[in-house]
Amino acid sequence: MIDETVRILTNREVAEDFYLARLAAPHIAGEALPGQFVNLKVNAGVTPFLRMPLSVCDVNPDAGYIDVLYQEAGPKTQALCKQPIGEELSCLGPLGHPFTHPDKGTDCVLVGGGIGVPPMIFLGRRLMREGFDVALLIGARSAAKHLSDELLEGTALRIGRATDDGSLGHCGLVTDLLRQELESTGSKAVYTCGPHAMIEAVADVSREFDAACQVSLEEYMACGIGICVGCVVRVENADGKTEYGDYKRICVDGPVFDAREICWEH
Amino acid sequence: MIDETVRILTNREVAEDFYLARLAAPHIAGEALPGQFVNLKVNAGVTPFLRMPLSVCDVNPDAGYIDVLYQEAGPKTQALCKQPIGEELSCLGPLGHPFTHPDKGTDCVLVGGGIGVPPMIFLGRRLMREGFDVALLIGARSAAKHLSDELLEGTALRIGRATDDGSLGHCGLVTDLLRQELESTGSKAVYTCGPHAMIEAVADVSREFDAACQVSLEEYMACGIGICVGCVVRVENADGKTEYGDYKRICVDGPVFDAREICWEH
Amino acid sequence: MHAKFAGSTSVDLSIEIAGMALRNPVLLASGTCNYGQELQSITDLSQLGGIVTKTITPQPRAGNRPQRIVETPAGMLNSIGLQNPGLEDFVENKWPFLESLDTQIVVNIAGHTIEEFADMAARLDDVQGIAALEVNISCPNVKAGGANFANSPSASAEVIGAVRRVTQHPVIAKLSPNVTDIAEIARAAEEAGADALSLINTLVGMAIDVKNRRPLLGNITGGLSGPAIKPVALAMIWKVAQAVRIPLIGLGGICTAQDAVEFLVAGASAVQVGTASFVNPNAGVEIVEGIRRYGDECGIQHIGQLIGSLQT
Amino acid sequence: MHAKFAGSTSVDLSIEIAGMALRNPVLLASGTCNYGQELQSITDLSQLGGIVTKTITPQPRAGNRPQRIVETPAGMLNSIGLQNPGLEDFVENKWPFLESLDTQIVVNIAGHTIEEFADMAARLDDVQGIAALEVNISCPNVKAGGANFANSPSASAEVIGAVRRVTQHPVIAKLSPNVTDIAEIARAAEEAGADALSLINTLVGMAIDVKNRRPLLGNITGGLSGPAIKPVALAMIWKVAQAVRIPLIGLGGICTAQDAVEFLVAGASAVQVGTASFVNPNAGVEIVEGIRRYGDECGIQHIGQLIGSLQT
């Protein structure tokens, strides 16, 4: 883990309310793997107070930068939107455990929704580079919230899109696309990140098709480095009991988990 | 009093730690008089939390702007330094009572120290325009903290400068200059703004020479409009008793007071 | 009744608390709007549910020596010390203006002894047009008196009981957050006859100038207010809402309509806007508008539907 | 003794509190550095006066359901609920690492009953190398137990007395700010044999999601920490410093060396850095450096000269 002062190189809106920031961060760029995140202090003062966790969306170790993609949601994301080019911010990373790669030759399906898309982009590019067959399925509310093909270049052989309102691609849930994909290709490795309900549905469908499923989870974080024990998720014990130890910290024990380990709470 | 959204036109360092900001504020510019101040929200969030009172340093009602001159001191002034050209801020003003002008023909001496200089600049220009003989005496720690002659253009017929370290003008207190001025010219109207100790010394010297003295006071303010009763100064009753009413609010009952009214506390 | 907004969808914000008919549930808090005069020119007081006067004491009080204000992270400390012109001057010189305002006026009172509280209440009982008395048993900035009452259930009950017996005006007890169990004090005030409770007053706080190693406030300690204390105030409203049946007026750090809605949802029937007015003198009016928008968006008919609607 | 800085002007930061020899007066607060392991790779723990472990209870505790964290103006709420592996696991699996650190380790304990507190203290008395026990009678996030003790002078005294009797380690009582008179509790703890007091724990607070009208925290209320509460903590340190003779460890919102100096000047002999480490894991070390700079600028020889130096 590195405590690095990063500099904003670009910071622009790339889809409705979605911003892409490129940060000069040579050390983090040299280490980060898909599924890991950074914890960024978006301002100098005490409001917003805490850092903001953001998945690494891409890295360029040679040029020494990382990309993060974020959706304007509240005070912290708004503060970041407003930061001008050249601004320096304190950044901790890379944090957490990355996705693990499947056995050679396994076809992969990546499912991203909302702010869960960034780690899928990073993972897709890596898997493609290593010769895997990758399908990327993206769900969003409407066409305006979808990233352009250009931004997704090199992430997958096939890109499927779903929207709630039918304004782009499949009208309905991204899990419908997943089901089709698993049916038609027999892929056995599913990766997903996005809203809780979506992730859970993806895990269900994967189980149904007997595909391994790795999920990247999110929870409100105070520290991002395991010292506050705030960002927990309940996990299943081998025997299903729930006593101490059943909560794992998403920041250091995740954010990537095997879907079967998670105890989905409602 | 006007609640105006003002726009930053310029914002630059004009002496060591002193910044001059020009604010597009057509309504306030049309009303403000020397000695009055504005209460500026220097940022959008809750830290810094309160507004910052700043004396009006000059106005241009035709061009629709006001100037404020401020010294970097803490969170609020630092936040203002960083505000870029074009930024819009909420501004209440003009607030408080202005200086009153002396009888026609009275020679005036204006004494400013530190962040007390801005209202003297505004006052000097007004008095000059109305044909008064004005001397402006400025005290500062060192030459670097003195404003250039250019910035003081049109504020006085004579400008005297004092520094603590002798790096510019008289080496010593600005009250030494005041004493010389009152001795040589017999001026009967003194105006002053600056650090508490300086103001009190100016009031003492003025009394000695039987000159009227108007002081502009500062105190930590929460509201600037009279509703918090926080910014008080003790004033002398006719009979010297101190009971209710002996505290006056600087923001609405001042900031300009007759020096004889003030009960100088240590 | 106040005029309704034109659109048929607009939520009805009017609410009755302790016999006071409020146009909407937003009042300005004691000590943050003085006696109304200064704000008159900069905000439309008739858009508010009401205003609460700065605390009146039997005799004039000069207040504490300056410095009286210091900013803190997301808040401020004050040590005004109840500077006020005293009861008689209030009735003679402040009340006529207040009475002329088209909004409800709550008069906030404090004394050093139970008798002083009762005497003030009795004197004000003659004054027509007062919407309610808010009994300040919780000011942290005066050494003797006020502060001590709200620290004990029995003392609180005695003050409220004494006031209750001598006035026809609704009685609101203003509670202190600087206590171990605010619900206990709240119940005592309720039993003693309070028609409503307002909470919270400021938290005791302090700030130090490390350069000179001196307290920044002339009175050493002061009262903490502003956004910083909102979570504390909200927890207390929620706790007291479980403990009493009389209506609650919530305050502490409310700056936006969203803040105000949090208090209503937690169990307050109305809110007061304090420190926020220092930063934005129009805050109260903007909060009214924001609550209206929120209500319309939620599709509720009456603001009462929000009160205590927290789902746990 | 630790190595002094080269320059002859450098202030001596070492201080002895309750028999603990601290390299400097800066510790990391309980619950904000877990059991040291995670911070090890990102900050130099040997630069600190010490660290206080996350609270240990007799049995493992799963803690409260998420969401456990929410940001508030200049602060945050937490409702962790004392998640911890329990005493035996601590001794077996956490202590060996802690013991290996070149800094003082304070072990923070909590129980549901006086017996539980005493049993834990007795068990830990066998463990060599513990610098002190910090007795957490003030956690706001557990329903039964801990919280209630610090609310009453007699209960506080009973717990501290029971712990005192069974341990040779120095005993630090950690006090709650959610009380009417913290000085009274402090005196009771002192009389019961506490060697030092640490204050404050978090203030009870709450936050509501107005969209869904639900509490944001799984446990409904939580503990407020961070800069927002600094003025409250400082006022309490100052108040308690007038009331007891044993040394105080001050905490609550300390983020910078200036904050730390405020606490020392108000009467604390040492400070703890809590929430600040979440934002800046190196905060503790930077505060040590900043205090050293401040001391040098003031021209003092020993940090003790600052303690309680407030001029009122």
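A, B, C and D label the chains in the order they appear, each numbered from 1.
To be clear about the criterion, a contact is a pair of C-beta atoms (placed from the backbone, for glycine too) under 8 Å apart; a residue touches a chain by one contact, two chains touch by 3 or more.
Since the model is a prediction, treat every value here as computed from it, not as a measurement.
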| item | value |
| --- | --- |
| Each chain counted as touching chain A and chain C at once | B, D |
| Far-end chain from chain D, centres as C-alpha averages | B |
| Chain centre separation (chain B, chain D; CA means) in Å | 46 |
| Distance from the mean Cα position of chain D to that of chain A, given in whole angstrom | 36 |
| Cα-centroid distance, chain A relative to chain B, in whole angstrom | 55 |
| Residues of chain D whose C-beta touches two or more other chains | 72-75, 226-227 |
| Residue list for chain B, restricted to those that touch at least two other chains | 46-47, 75 |
| Chain-level touch network, classified as line, ring, star, complete or other | complete |
| Footprint of chain B on chain A - complex, ascending | 45-47, 75, 84 |
| Chain B partner contacts - residues on chain D that touch it in the complex | 73-74 |
| Contact set on chain A toward chain C in their complex | 46-47 |
| Sites on chain C touched by chain D in the complex | 72-75, 77, 151, 178-181, 203-208, 210, 212-215, 220-221, 224, 226-232, 234-236, 238, 253, 258, 261-262, 265-266, 294, 306, 309-312 |
| Interfacial residue positions of chain B with respect to chain C in the complex | 1, 3, 41, 46-51, 75, 90, 92, 219-223, 225-234, 242-247, 252, 265 |
